[in-house]
Each structure stands twice: as C-alpha cells, then as structure tokens.
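Input: structures, listed below.
Across the two complexes that follow, chain A remains constant while its partner is chain B and subsequently chain C.
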Partner chain A sequence: MEVLQLILNGLMSGTILAVPAIGLTAIFAVLRFTNFALASHMTIGAFAGFVANVTLAWPIVPSLLAAFVVAGLVGVATDEVILKPFRAAGFITTAIGSIALTIALENCVRFIFGNQLRGYDLPIRRDWVIGGGLRVGPQQVENLVIAVIAMALLFAFLSFTRTGKAMRAVADNPMLASIKGINADMVARLVSFVAMGLAGLGGMLIGLDTTIDPLIGFKTILSIFAAAVVGGLGSLPGAVVGALVVGVGEELSLLFLSPAYRSAIGFLAILLVLTLRPRGILGARAY
Partner chain B sequence: MEHYLVAIGVTAGIYALMALGMNVIWGMAGLINLGLVGFFAVGAYVSGLLTLKLGFPIIVGMAAGSLAAAVFGVLVALVTVRLRGDYLAIVTLGFAETLRIVMSNELWIANGTDGLSGIPGPFRGALGPHLFNLFYLGIVVAAVIVLFFLVDRLAHAPFGRVLRAIRDDEQIAQVAGKNVVLFKVKAFGFGTAALGLAGALYGHFTSYIAPDLFAPLLTLYVKLSLLTGGLGNSKGAVLGAVLVVFFLESTRFIVPLIPSLSAVQGAALRELLISVALLVILRFYARGLVPERIQHPPLPIVAAAPATARS
Partner chain C sequence: MTKTTRRTLLKGAAAISAAAAFPIRATAQGEPLKFGILTPLTGAGGQDGPRMLKAMQAVIDEVNKGGGVLGRKIESIVEDDQTNPEAAVRAARKLIEVNKVPVIMGTWASAVTSAVAPVCWESKTFLCTVSGADSITQLPHQGYLIRTQPTSKLQATSHAGFVAGMGHKKVAVIGIQAPFALATKEHLDNVLKTKGGSVVVHVIYEKDKPTYRSEIDQAMRANPDFLYLNGYAPDTVVVLRDLFKANINLPKFAQSYAVPQKTLDTIPPEVSTKLYTGQPSADIDSKAFTLAAQRLGMAEPDAYESQATDWASLVILTVAKAKEATGTALKDNVSKISQGSGQKVYSAVDGLKALAEGKEINYEGASGPCDFTDIGDIQGCRFRYMEVVDGKLKFLKIV
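== the complex of A and B ==
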C-alpha cells in the first residue's frame, strides 16, 4: 500500500518535474548546449508568480501565466545579451557563463526578496481519498492538470504550427533548415522564451507544493538534469519519461533513505544511465 | 591587520593551488569541471578525519586527501569521458552537490552540518596563533612553488603537448595514435589531486570544515582566477588567484559602505559582483593577463580562424 502511494506521489511530482526538464532538453536540442541558467529562471518564475499571487492578489492560474511570461522574457533577454556570444566561443565557456549567469540572477532575486521562505496564497483543503486508501492533495491534482495542459499545448504547437515545425527542423538539421530559409535567430529566441518560460512555470508549480526561496531552482536542478539525461538529452518525449522515472525513483527511495537524499537519487540515476545507456531511454544518440 | 594579511596570503595560496590544478584540467586538456569544490571538500574531509579521528600525521592525511580526490576525479572522468563535455559538466556539478548532501546528513562521518572542528595544524600549539599563520603561509607558498614547477614541466613535456592537441582537436590527436581517453582521465586525475591537496591545506589551516563551506560559489572563484590570469599557463593561474582573492576581500570592505543595505542584501550584492565580473572577463578578456604562449612556431595555416576566445 505504502509503495502504491509512493508511486502515485512520484508520478505526480515527476509530471511537474517534466515541465522544466522539457525546457532544458529543448534548449539542448535546438541551441546545442546545457543551460545551467535554468535554475535561476525557475527561481524567477516562482517569485514572479509570488508577486502576482500574493502582492497583486491574482488567482493561481493567471499567476502561473505570469511566472511563464516573466521567466520567458528574462530568458530571451539574457540569452541574447549574455549567452549567445558565449556559444560561439565553445561549450566550456558557455557552460561556465551559464553557471555565472544563474548565480547572478539568483542573487538579484535574493537582493530584492531576501532569503526567507515564502508561500503562495492558497486555500487550505483536505486531501482527497481515492480508491483503496490512496490520498492526493487537491492542489497537487491541480498542478498535475496544469502541467499536463502546458505540455499538451507545447506538443501541439510543435506538431501543428508552422513555427513549431520550423523549431523541430532546426533541432533536426540546422544546415538544412537554413537552406530552406528558416530564420535560425528567430527560432533561437522562441526556444529561449518557451524553454525558460517552462522553467519559470515549473519553478512556481514546485513552489505551490512546498515553499519558495531563492535557492528553489538550484535545489531541484539535479533532478531536472537527471530527468533530461535519463530520458535522453535532446528528446522532448524523453524528458517526460525521464521525469516520471526520476520522480518515482525519488519517492521510492524514501522506503530506505532519508528525504534529504532525494536529489542524490537524481545523481545516481545520471551515473547509472551514462554507464549503461548514455543515449538515455528515448534519446536518438549520445552526444 | 598583519594577522589578516597573512590569512589572506594563505587563502590566495590555496586558490593558486586550485587554479594550477584546474589549469591542467581546463586550460591544458580542455575538460570542464563544474564541481571542483567537491574534490576540494574530499581532500579537506579525508585529511581532517584521518588526522583528527585516527591520529595519523598531518602529512599522511594531506597525501591521502589528495589521493582520494584524484580517485574520485578518475571515476567521474571515466563515466563521461567518451561523451560530449556537457555530460562531464552535469556529472561534476552533481558530484559536488551530492557530496554536500551526504556530508550534511551522515552525522557519523563528520558531524553533518555542524562540521568537523579541532582539525590539527602542524605545530599549532608550539608556535602560537601568530607564528603558526606565518609558518603555514610558508608551507602553502612552498606547495604552490612545487606545484607550479610540476605543472610547468608537464606543460612542456610530451604529456602536456598531447593534452593541448586533444584540447584543440581531439580527432587529430586520435589519428596521431594518442589514447585520448587515457590522457583525459590522467589529466583529470592529476588536476583533482591538486584540488584535494588544496582542500587538505585549507582544513588544517582553519581547523574547521563544514558542508556549507563547500558551496558552488568557490568553483566560480577559481574559474575567475584562472581566466583573469590567462587560461593555459601556470604564471597566469597564480597571478589570477592572488588578484581574485584581493578582489574578493576588497568587496568585503566596500559593500558594507553602501548605506541602508541589510546583511543579506550585502551578501547578495557581493555574489552578484563576482558573477558579473566572471561574465565580463569571460566575454571580453578571455585570454587573460598572461596569454598562453605556444612554444613552437605554429605551422603555416591557410585559412586560420581568428584565435579569439578559445574554450
């Protein structure tokens, strides 16, 4: 019974983890680098949502939208001004640049909001008991639905719109895409916006479940990397599968480890996958 | 004041050791290590625990700390070395974070977040605090000098030339019959050994280590040192470390001068300044104060790409 409850919790937390993991893997697929600045964009999203929800007293759903838009805009701006020139200089420069960027942005948030834990303005509700004594929180179910809707919208956008198809074309073969007249710069900006927006959305969704502080992004980044690597870096469906695997794995680890080790499980998963199957569950190839 | 300057000197020396180690990993072999603070922590913990709990002599502790960091370095490198550098970046970062989680939660190893205190320093009791600091500065400077010549020797030896070849074009090195994987793993092991030694020296100087001291920010400091001085050469690494420690310490004095800042804001501003400094140097001065010199005249290159920021 306890195992079933843990698997259920894991599937729910995994679905939320999938949102920023898709962002990370999308940037890798199109721009070909691991953007460590994802952590600070999760923090920015979580705090943008906090301002909307608590300071401006907006309801949760519009606040989540605010989290998406603010993080997305910061993502485009920082990528354009800071990370884009680094990409030309090679991946070590880009990786270190994105780490420095994430610490800079995180400290901007810390400068304004301080270090204390904050919570969103949420109604207090009783857990629902579903079949066989399993429990779920209404807020968790809402978060789950929102995460699923966001991902469904993204996949629909990539499959059915012209812009979405252009993004996939660049990810698949940048040279061919440019021959076909696809503007790579525009696609890069769009990817930065959507991916960092998803990071912001994910940051707020995680915050809705617990509390937020400037480190919220950095504390979850290992699980997100794990999700992307386990699923296969660069594969969007892979990020979802990887996130569910990591989510369930983290919850099941509670059977024999203290909760403090949750993100260490992500690290173990990375090591395991890289040793046994570097391209991940659904990845086309290891880079 | 003199006390303080000596302490800064020791810190600068420890940063210089780390910068020299990273110079082999990053500057010469072109490998990334975002979790350098993890290897630093391994050195500090292993040496601290061996001397404090098992009563080994300090020199044995330091050697063991350095060796342990190298073992972890080799393992981390082995998992990712055949893949794109991004995986090494993720794994090294994950290693440092996971180590911090383990050391915070496993109270039986080293008291968890309370940390390990009372780590012995060489002749600390006999010399008194003042002389001890000076004596320790001597030890650290000696270590920097030895490592400096070692790395410099390495850079001019065939080993260093192969590393630079791998950094600049891995496939050509492979075609030339070099075992690229082995060279990368060796370089990573050598570099992490230096990081471990720096960690051990740190622990025996401050006599106290705790998981919180090994935060990712330290990784940025060392990258900043290396970049400021100039990637790929040992003089630059040492010079950069001294300058960065100077810069870090001066922000400690300047930031409190700004009125109406809370303590948290002051700390945030310092970290912001440091990360922005790194971004600016990385973007505009990536060759550093002492650019790497190529010892042999390069072959005439027909279509030479402008050698601006190399990674």
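== the complex of A and C ==
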C-alpha cells in the first residue's frame, strides 16, 4: 500500500513538472538550445496569475490563462531582443546567455514584488481517500486535469493546424522548411510564446499547491531539465514520460533512502538513461 | 553649479595643507565612520535580510540625528551576501579591503557565517551574526565575533520544556537538511527523556520541494502525538498545507522565523490551527523592545529585527566607550558596555548620553539582555511563545 501511495504521489508531481518540461523540449526541438530562462518565465507566470487572482480577484482558470499569456509574451520579447543575437554564436553561448537572462528577469520580479511568500486566493481542501486508504488531493487532481488538457491542446495544435505542422517541419529539418517557404522567424516566435506560456502555466500550477516567491522557477528548473533529458530532449511526449519517471522515481527512492537525498534520483536517472540510451527514452523526434 | 572663486580656492588650499599637517585629526572630524552591513537581500534569507538592514539603519539614523558618535556621522556600507558563502566572502573582502570597515553586521545563514568569520578575524574585523549553529562560536575567532541568537542547544532545551509542559510524550521531528538539524533533534530528545518523553522519529527533508506528502506519511507511521517542524518559511508552509490536506490535526511547533505573520497571511487560517511558535525574546516589558518598535513604526519587531537593533546599538556604544572605531577596540570593549553593574540603558542614544556623562553602562537589548560569554554567545535568553489563533499570532507566555 505504501508503494502505491508513493507511485500516486509521484505521478501527481510528475504531471505538473511535465507542463514546463514540454516547453523546454519544444524550444530545443525548434531553436536547438536549452533555454534555462524558462525558470524565470515560470516565476513571471506565477506572479501574473497572482496579480490576476488576488489583485484583480479573477477566478483560477482565467488567472491560469493570464499566467500563460503574460509569460508567453515576455518569452517572445526576451527571445527576440536578447537571445536571438546569441544564437549565431552557438548552442553553449545561447544556453549560458539564457542563464544570465533568467537571473536578470527573476530579479526584476523581486524588485516589483519583493521576496516574501505569497499565496493564491484559493481554499485548501482535505485529501480524498480513495480505495484502500490511498489519499489524493483535489487540487492535485485539478492540476492534473489542467495539465492534461494543456498538453492535449498542444498536441492537437501541432498535429492538425497548418502553423503547428510548420513548427514540426522546422524542428525536423530547418533547411528544407525554409526552402518550402516556411518563415522560420515566425515559427521561432510562436514556439517561444507557447513554450514560455507553458512555463508560466506550470509555475502557477506549482504555486497553487504551495506558495510563490521569485525563486519558484529556479527551484524546479533542474528537475524539469532532468525530465526533458530523460524523456529525450526535443521529444514532446518524451518530456511527459520523463517527468513521470523522475516524479515517480524520486518518490520511490524514499523506500530505501532518506528524503534528504531525493533530488539525487533525478540526476541518477539522467546518468542511467544517457548511458544506456543516449537519446532519451523516446528519442529526439519532436512528436 | 558651484562657481570656484579665487577665495574658495585659497580656502581649499589652506584646508588641504592643514589636513596634511594634522592628518589624523582632519579625518576624525571630517569623514563619517563606516560600518559594514552584510546581510542576505536575496536567496533563502531574502525575507529576513532587508528587515534586519532596516532595523540597523534606523538605529544609525537615530544616532546620526543626535550628532553621531565620537563627533562623526556613521555611514553604512551595504552588501548582499545572497545567502551564498562564496558571494558572501567576496562581499566581506570588499567591505574590509576597499571600505576599510571595522565591523560587519548581519550574516544570517550558518554556512555563510562559517565562511565569512575567518576572513573577519584574520583582518581584525568585528562580526555580528544571527546564525544559530553551535559550531560557529567554537571557531578560533579570538573574540572578533558575537552572536545574539541563542545556540541550537539553548533553543532546543527551551522548546522541549515547552512541548513537555503541554503533556506531549511522542514527538516527531520533521525538519530541513541544515547544519542545526541533527543537533536540535539530539538536544530535544535529551530534554524530553528527562520528562518521560522522546523523539520517536526524525525525518530530514530536502529544501525546495513542491510537496512533502511522503515525508509526512513516513513521520506519521511512528504514531507521534506532537510534531516539531524544524524548517525555514518556504518549506514549513508546504508542510503545514500537506498536513492539513492529509487530515492530520496534531498540535505542532515551528520556529517563529519559519512562520512569521506575513507567511501565515498566505495560508487559510484552518491550516495553521494548533500551531505554536517560539522565538528568543526580551522581557515582555523591555524598554528596548518598545523603543525598537517605535523606531521601526511597527507593533512587534521580530527576533531578527530586534537582534539587528542590538548589533547596531552595541557597536555604536562600544565605539563611544573605546573612543576608537577599530575591530580590535570593539572586541576588547564590547563586554564593558553589554554587561556588568553599570546604569542600564535601552537604546544607543541613551547610552551615548550616559557615557558622555562619564557613567558606566549596561546595554539591555531588544532581543534580550545581550550578556556575552567568552566565546561570544549570549549567556541566557528568554523565549517568547505564541499560538496561532484564526491565522493570527497570539502571545502565550515568556519563559
């Protein structure tokens, strides 16, 4: 029973990690670099949602939309102005640039909102007890549903719309896509918007279950990176699988390790997967 | 724009030559005294650092308004330690080597203080800290360090007495991975055992996790009747929320720095029921505490704001007593104004007056009596216990 509860807990936390992990991997698929500025966009989304929910007294779902849109727009702006010029200098330079960017943006949020912890205007509900004494939190189930809907919409967008197909084409073969007349700049902007929007959404989802402060993104970025790498950097379903593996793995480790070493599991998973299957569990195909 | 005339030029030249002739005297009257403030403005301590800075600045401003100390104004040079030992050491070196400060006040995390302390004593710079780990005052600091925060041992002993006093026997400790974690658990266990109880389980968790459900389940398997939450604010809030969700209604204790009122305001009141907090405290009717509250324009300064008030006051009074502002003078003279049979004073301004009248003084602080042992620890301290009722901290008692 303990094992089942741990697996359940792991699936819940994994699903929330999956949302920003998809963003990280989507940017890698199209723009070919790991954008660590995702961390500050999670923070920006969480705080945009906070302003919508607490200051403007919007309900949770519109606030989540606000988190998505604001983080997405900031993502497009920062990519266009700051990261785009880096790209010519190569993968490593851009990734390092994105770390600098994330620290700068995080401090902008700190400058505006200060350091203290904040919470959303949301009642906390007791866990539901499902069969056999297993417990699950209503908020976590709702987060799961929101995460699944967001992912389903993204996959539908990529599979069935012209723009979505264009994005996949650029991810698959940028040269060929450009010959076919696909505007790579437009696709880059779009992928930045969607990916950073997902990061913002993920930041707020984590905040709904805990509290928020400017470090909320930075605290989780390593687990998200681990999820994306384990699943196969560049593969969208891979990010989901990776997040679930990392989430469940961290929980199951509690059976034989002190909780103080929990994070080590995510990185052991990276080492293991990269050794046995260098391209990640699902490989690097974008979809 | 200032116009330079021949007359001002001549005056300036005269002043420069006078300064050259009497260099020491010229500096003493002209330049302000520089005090270093090194506190976490960002990182895990980012919630406390800015408030400590404000409290120190308030004391310094008050003294400056009254004419300063030794006839000089005080200027504070502020650096951010980022709650990061490496950044803190760089900032401390800058304060010592570039700004030539005799004192650094404000380090918060034990890891940061452990890193900065050697830089300070090697350069004969005085260090005032709030870090609680027992090991800090055991460093070979030769007196260049004082700590106003009670040691882990003093704290755990008082907390254990409080918990046992409520009749609880089986205590679960759920705490963050930190230098004080193990020591606190052991001191708690030792004291509880003398009162017929014990620590039945000790779960150490990792910081920055979005949930601690599994850790709580692990602690609950030992069937405790009381929970001792030994973390910082961001993680303690998560633990409290998870306890509520899991329908666990046991009474619980947390350090007051982990659940300040601002943090309690972020969670619904039902989550913080049966929660007790404790913090080092001055006497309830302490004049220094009331003065600090007035100076800061708030009802009740917390333990950190009180301690920061005390550092600034102690340093200023020691400088006045020693009649010089060097780290060595601070080290040698601090106990002459912090303890003893002199007239009790409750603020830097009052103390300066008494010293000017040629009296001996004993500074009684906002955080406690501020009497130090040979290794820079406070000798004893009262603890202020509070209970959270409807999401608000309510005073319970002072022990």
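Methods note: the second predicted complex is superposed on the first by the 276 of 287 C-alpha atoms of A that agree within 3 Å, B and C clash if a C-alpha of one lies under 4 Å from a C-alpha of the other, contacts with A are read in each partner's own complex, and residues count from 1 in each chain.
Here is the rule we go by: a contact is a pair of C-beta atoms (placed from the backbone, for glycine too) under 8 Å apart; a residue touches a chain by one contact, two chains touch by 3 or more.
Note that the coordinates shown come from a computational prediction; the quantities given were computed from them, not determined experimentally.
Novice: Using the superposition on chain A, decide if chain B and chain C clash or fit.
Specialist: Verdict on chain A: clash between chain B and chain C.
Novice: After the superposition on A, what does A:271 contact: first (chain B), second (chain C), both or neither?
Specialist: A:271 sits against chain B, while chain C stays out of touch.
Novice: Between chain B (first) and chain C (second), which, if any, makes contact with A:34: first, second, both or neither?
Specialist: First partner only.
Novice: Quick one: name whichever of chain B and chain C touches more residues of chain A.
Specialist: Between chain B and chain C, the winner on chain A residue contacts is B.
Novice: After lining up the shared chain so the two structures overlap, which partner does A:110 touch, if you call chain B first and chain C second: first, second, both or neither?
Specialist: In the superposition, A:110 contacts both chain B and chain C.
Novice: Quick one: classify A:210 as touching chain B (first), chain C (second), both or neither.
Specialist: second
Novice: Now for A:91: first (chain B), second (chain C), both, or neither, which partner does it touch?
Specialist: first
Novice: Would you check which partner chain A:100 touches, where first means chain B only, second means chain C only, and both and neither mean what they say?
Specialist: After superposition on chain A, A:100 lies in contact with chain B alone.
Novice: When the two structures are overlaid on chain A, which partner does A:157 contact: first (chain B), second (chain C), both, or neither?
Specialist: Neither partner.
Novice: Regarding the shared-chain residue A:261, is it in contact with chain B (first), chain C (second), both, or neither?
Specialist: Both partners, chain B and chain C.
Novice: Just checking: does A:58 make contact with chain B only, chain C only, both, or neither of them? Give me first, second, both or neither.
Specialist: After superposition on chain A, A:58 lies in contact with neither partner.
Novice: Run through 149-157, 167-175, 185-193 or 203-211 for chain B and report the one that clashes with chain C in the overlay.
Specialist: Clashing stretch: 203-211.
Novice: In the superposed arrangement, what residues of chain A touch both chain B and chain C?
Specialist: Of chain A, residues 107, 110, 115, 258, 260-261, 263 contact chain B in one complex and chain C in the other.
Novice: Chain B touches which residues of chain A in the complex?
Specialist: 28, 33-34, 36, 82, 85-86, 88-97, 99-101, 103-104, 107-108, 110-111, 114-115, 218, 222, 225-226, 229, 233, 258, 260-261, 263-264, 266-267, 270-271, 274-275, 278, 286-287
Novice: Within their complex, state which residues of chain B touch chain A.
Specialist: Touching chain A from chain B are residues 26, 30, 32, 34, 79-80, 82-87, 89-91, 93-95, 97-98, 101-102, 104-105, 216-217, 219-220, 223, 262, 264-265, 267-269, 271-272, 274-276, 278-279, 282-283, 286, 308-311.
Novice: For chain A, which residues are in contact with chain C within the complex?
Specialist: Counting only chain A, the residues touching chain C are 2, 5-6, 9, 12-13, 16, 107, 110, 115-119, 123-127, 135, 137, 139, 206, 209-211, 213, 215, 219-220, 251, 254, 258-263.
Novice: Using the touch rule from the top, collect the residues of chain C that touch chain A in their complex.
Specialist: Residues 42-43, 46-47, 50, 177, 203-206, 208-215, 217-218, 233-234, 237-238, 241, 244-247, 262-263, 266-268, 270-271 of chain C touch chain A in their complex.
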